[in-house]
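Shared between the two complexes below is subunit A, which has subunit B as its partner in the first and subunit C in the second.
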Partner chain A sequence: MNTLFKIAARNVLRNKRRTAITGIVMMFGIGLYIYADSILKGMDRMTIDNMVNYTESFLKVRTPEYVSNLQGNPLEHGIPDPEATIRKILAADPTMKAAAPRTRFVARLSNYEDEIPVLATAVDPVRDGEVLRLTDVVVQGVWLDKAEPRSVVIGADLAAELGLGLGDYVLVSASTVYENVNADEYRIAGLLAAPDPSLNKAALFMTFPDADEFLGLNGLVTEIVTAGRAYPALDALLKGADGAAASVSKALPGLQADPIRVLAQDYLAMREMKGKFSSAIILIMLVIAGVGIVNTILMAVYARIREIGVLRAYGMTAKEIRRLFTLEGLIVGAVGSLAGVLLGVAIVAVTSTYGLSFAQIVGDVDMGGIPIMDRLYGEWNFGNMVFGFLFGMFVSFLSARIPAKRAAKMQVTDALRFV
Partner chain B sequence: MALGAVDLDIEKGEYLAVVGPSGSGKTTLLNILGCLDVPTSGRVVYDGRELRALGEKELSEYRKLHVSFIFQSYNLIPVLTVAENVELPLVIERKRNGAQARAKALELLSAVGLSGMENRYPRELSGGQEQRVAIARALVKDPIVVLADEPTANLDSHTAEEIVELMKRINAERKTTFIFSTHDRLVMDHARRIVTLRDGAVTSDERR
Partner chain C sequence: MKRIFFVYLITLAAGAAFGQTAAEILRKVDENQAFQSIEYTGRMEIVLGGDTRVKTMRTWAVGDSKAFVEFTNPEDRGTRMLKLDKNLWMYFPKEQDTVKISGHLLKEGMMGSDVSYEDAMESDALLDKYSASVLREEAVEGRPAWVLELKAKVPTATYDRRLVWIDKERYVSLKGEMYARSGKLLKESRSLEVRNIGGRWYPVRTEMVNRLRKDTRTVFVLEDLKLDTRIPDSRFSMAELTK
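So, the complex of A and B:
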């Protein structure tokens, strides 16, 4: 083994407490970085999965006019010949597995005393079940495919808010395609408790025949939701949806196919902000670790001034002295970074296997509509673990250079005289 | 000014003691001879080369190849074993491979009477043994000159005598030039030349 490395490594071991403190700070910095990244990635995965499975779907086809007037949920910009469009969507890209028509409109739901605005959707219950998983989250009653005509399925929180239960009648009012307001009575056939709070608090579903009668839709479909093939990783899912949307758009001139990346853009933008914030916190931790390394190596320099004098007296150059102390910093950094990666791996192993209860993390705080209510599972990101290690080494290198330069600049006679 | 009127010619193989009261400039003279310090004026010529004209890198090279030091407080590297301490100048010199350096270190340890102690650490040695290791370290690269600053100052008289005998033997066998700074009567008694300094000037230069 190279003697310089031997001197550096043994000096690191000689100052166990100092090395341990610096290493522990680095370990927590990098471990937390890996953990935070894993949780954020897990949150992304869960959020996007929830959007794909319960609200937005893999990609959505609408008219450009409808999209540009989205806030109003207009009923005048329907998709012409939706059945032919569905056939073209399924033929356009091999990743497309199913498609279903939907018509969204704003309504008000009343228990005859109070009323709450809701986002209502007319669906084909069977085909909708092939694309989205709402049937899986009907916690009371049945989905619309097994319900009597003139039934609705609503969010469980919404029902609780209005004091409604299964079998109760509700009054639904909304603007029709003729721009007059209609109101009608429906029976609650099912209650939903999806992982997306927006569904639970404000969603109402009815069948197309009921919506036709209620709003005069006459076959109007505002959007077509789709199911793609399964993707194991989030990035692959986003890329797969992007590719499929490009193929579908090409096959459907005059219509707009938006992949999940576009449908979830508000969330992804917010997520990016959060990512930057957590990166800043981790950076601060690593800077603290860097200061620790500066301190550790400075202490090592002062404790070994005479030793530096001897090495210089025996012909070691200033550059070699600098290298020696930089090496010591790198050893501390490597130990701390490796420990940090191992800590991160351990935490991710636990969180990716057992998950974290989201309610335990955030309590009752409203997450501003983020569709996560379930257990949150960490995601593995090996690239980021390598990055965490390399970044720790980089911080160590920079931190060790300052005291190492000081050691190299020392006059030999001053060093030898030092007591 | 630590040194003033100093005019000395030192031949290869000399065994020379620089003596004088504290503050007379003994250590400064040794530092200048070892190129650890640069004189503000005057000339230091080694083997026909003017040392003042050398740059930092060339001075390191001179120290690496020609001069060795023995210090009053031994200055061994505590994290290295005895053998590794002795090898250190060869590691810095980079002329021998690991096996060659180890063989040379063991040869020197045998010469200073420390065979079998190569794997010990400095903290496990007595003061006399540490100074023997320092002598082995100083000699391992076959230097032309060994500069020893008060080498016996921290040793008891019996150990000091052993060390002085050892250095004298090496001087005789290897023709290595030894230049000591010392207050120790024992060292002076064995020296073949004594240069006395007072207030930075040579007041006597006695050959025996």
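So, the complex of A and C:
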């Protein structure tokens, strides 16, 4: 076997150009696979992180009636005794770190010329800041905890569309809890530029006292958002939120605790589709690499038919001939796969450290509400790198077997007579 | 649907006003407006900036709780609306899809107009929801009128406050202003044409202006108006909506 390996290695080195071409194809196939996987994983992580940090939170508590009427954002089916509920949430699971009440409603923003529908949220600014990170993305002005009464914080893009700026007054109209329309002017205290474009384009925040006066909330809280402990990996975060939601649900009979996996279900369903799509691309890449290996080894077989005849004449068995050419394929595959993994590692090292501008990747394409718009960082996935290497080796083995079998089938006399 | 053209006409009264109480004024307005059923061909002229869009429709309504509208203008032909009590469904023929309108969507302008779905289908008696007083007398385009102020008695009233100008001779609304709880003027209405139909005075051309938007107004015109005709119950069914 050792001798066979030496012969195979020499043959691989003898056909440097052919080996290099196949190795490069494999290197790019596997390298791009690792890169694509890293970016997709990074996109998942960033999307879910953005939802946890800016819109949905770790888990959300609502009444089942509210959830079943979610589309209309109704000002009814509120949480009974929200303060007691918050205390129970925090006591229900050790992963729960903070909780804050919110009430969502649909409003219209007007500059007396144009009207834009927005998703508005009444918040307790201090407690909301302990759960979500909106305070970090106020790019102009202040968050509501430092604002005067009768102020709102709105998305920066929304303000730009209405031609409004910090300190301007905006007319807000909405249905009250009594199903009649109220409209009033509020001063813009802050502008948001969050990584989630939906916040920037169509979000408004006001304090509970203002919303109470405006909508007649009378203590109505439609949801409680929560913060959990930090998780290093996406899967751990999803599992952690699932576990916490189960504990919270048990502690709050009659209420519904939805973890981020449920809150982000549309994205996660899309991610599953995306996973299938990326698998298909990777398969195509590896098939191309496999065809390269088949071609390289076949060329080697045809170029060395007389040599095969001599080897057989010297007593090498068909089995050994098959092994020899399989080994040659595996060596090419190993070199290509290793180079691919190294290429992937290099790219992931760069993208996970410096990130990529999301705009550079997707251009001006509307991402259909995917909450990502800043830099995208690649994620390390060592398991996938090992998989990429082994898959490359497997493809090489399968690809080398075809020409190797053909070489082994040749008769000594036919091989020697071959011109 | 009748709300579109006479929601501004119904008033309630409190206190004496030049020989007549606000309640008496309201009763006479009611005598003009009350009907068992109504059937008409309507035309909405929606003015947005420099553009005017026209929507035409055929409407049937019984009492305050049932209404059926079928749009007949080319862009919306076959689009139908069915209102049963507080529920409203819309059928879109191209998509062959039925959508239930509820929640905040009821506050949206109907078919892009300044008239909300809720305005269009409001059925509650205003007498129960508003207290009224006569503020003053004032002429509206040469016609003497009482100016009534309506204040919401219950929080569920559609508007917190209204001013309504009632024609002193014909007991119909000539003008209306609707205010939010904050005091903001939300909408204004004006009766552009009032006709005598079977001995009743009825506004057949009404203009609605949404004061939260600039350069928009909607003129609603009633043609071929029939009052108190017999409309079969089958008209107000889901089968009729999706046929």
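Here is the rule we go by: the second predicted complex is superposed on the first by the 416 of 419 C-alpha atoms of A that agree within 3 Å, B and C clash if a C-alpha of one lies under 4 Å from a C-alpha of the other, contacts with A are read in each partner's own complex, and residues count from 1 in each chain.
Throughout what follows, contacts are C-beta pairs under 8 Å (C-beta built on N, C-alpha and C of every residue); 3 or more make two chains touch, one makes a residue touch a chain.
Note that the coordinates shown come from a computational prediction; the quantities given were computed from them, not determined experimentally.
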Partner chain(s) touched by A:Val310 [first = subunit B, second = subunit C, both, neither]: first
Touched partner set for A:Asp114, first subunit B, second subunit C, both or neither: second
Touched partner set for A:Ala174, first subunit B, second subunit C, both or neither: second
Contacts of A:Asp136 with subunit B and subunit C, given as first, second, both or neither: neither
Touching partner for A:Ala183 - first (subunit B), second (subunit C), both, neither: second
Touched partner set for A:Asp81, first subunit B, second subunit C, both or neither: neither
Partner chain(s) touched by A:Glu272 [first = subunit B, second = subunit C, both, neither]: neither
Contacts of A:Asp235 with subunit B and subunit C, given as first, second, both or neither: neither
Subunit C-contacting residues of subunit A that also contact subunit B: none
Complex contacts: residues of subunit A adjacent to subunit B: 3-4, 6-7, 10-11, 13-14, 306-307, 309-318, 320, 412-413, 416
Contacting residues of subunit A [partner subunit C, same complex]: 69, 71-74, 105-106, 108, 110, 112-115, 171, 173-176, 178-185, 214, 216
Sites on subunit B touched by subunit A in the complex: 31, 34, 36-37, 56-57, 60-61, 63-65, 68-69, 71, 73, 75, 77-80, 84, 87-89, 91-93
Subunit C residues within the subunit A interface of the complex: 102-107, 116, 118, 152, 155-160, 180-182, 184, 186, 212-215
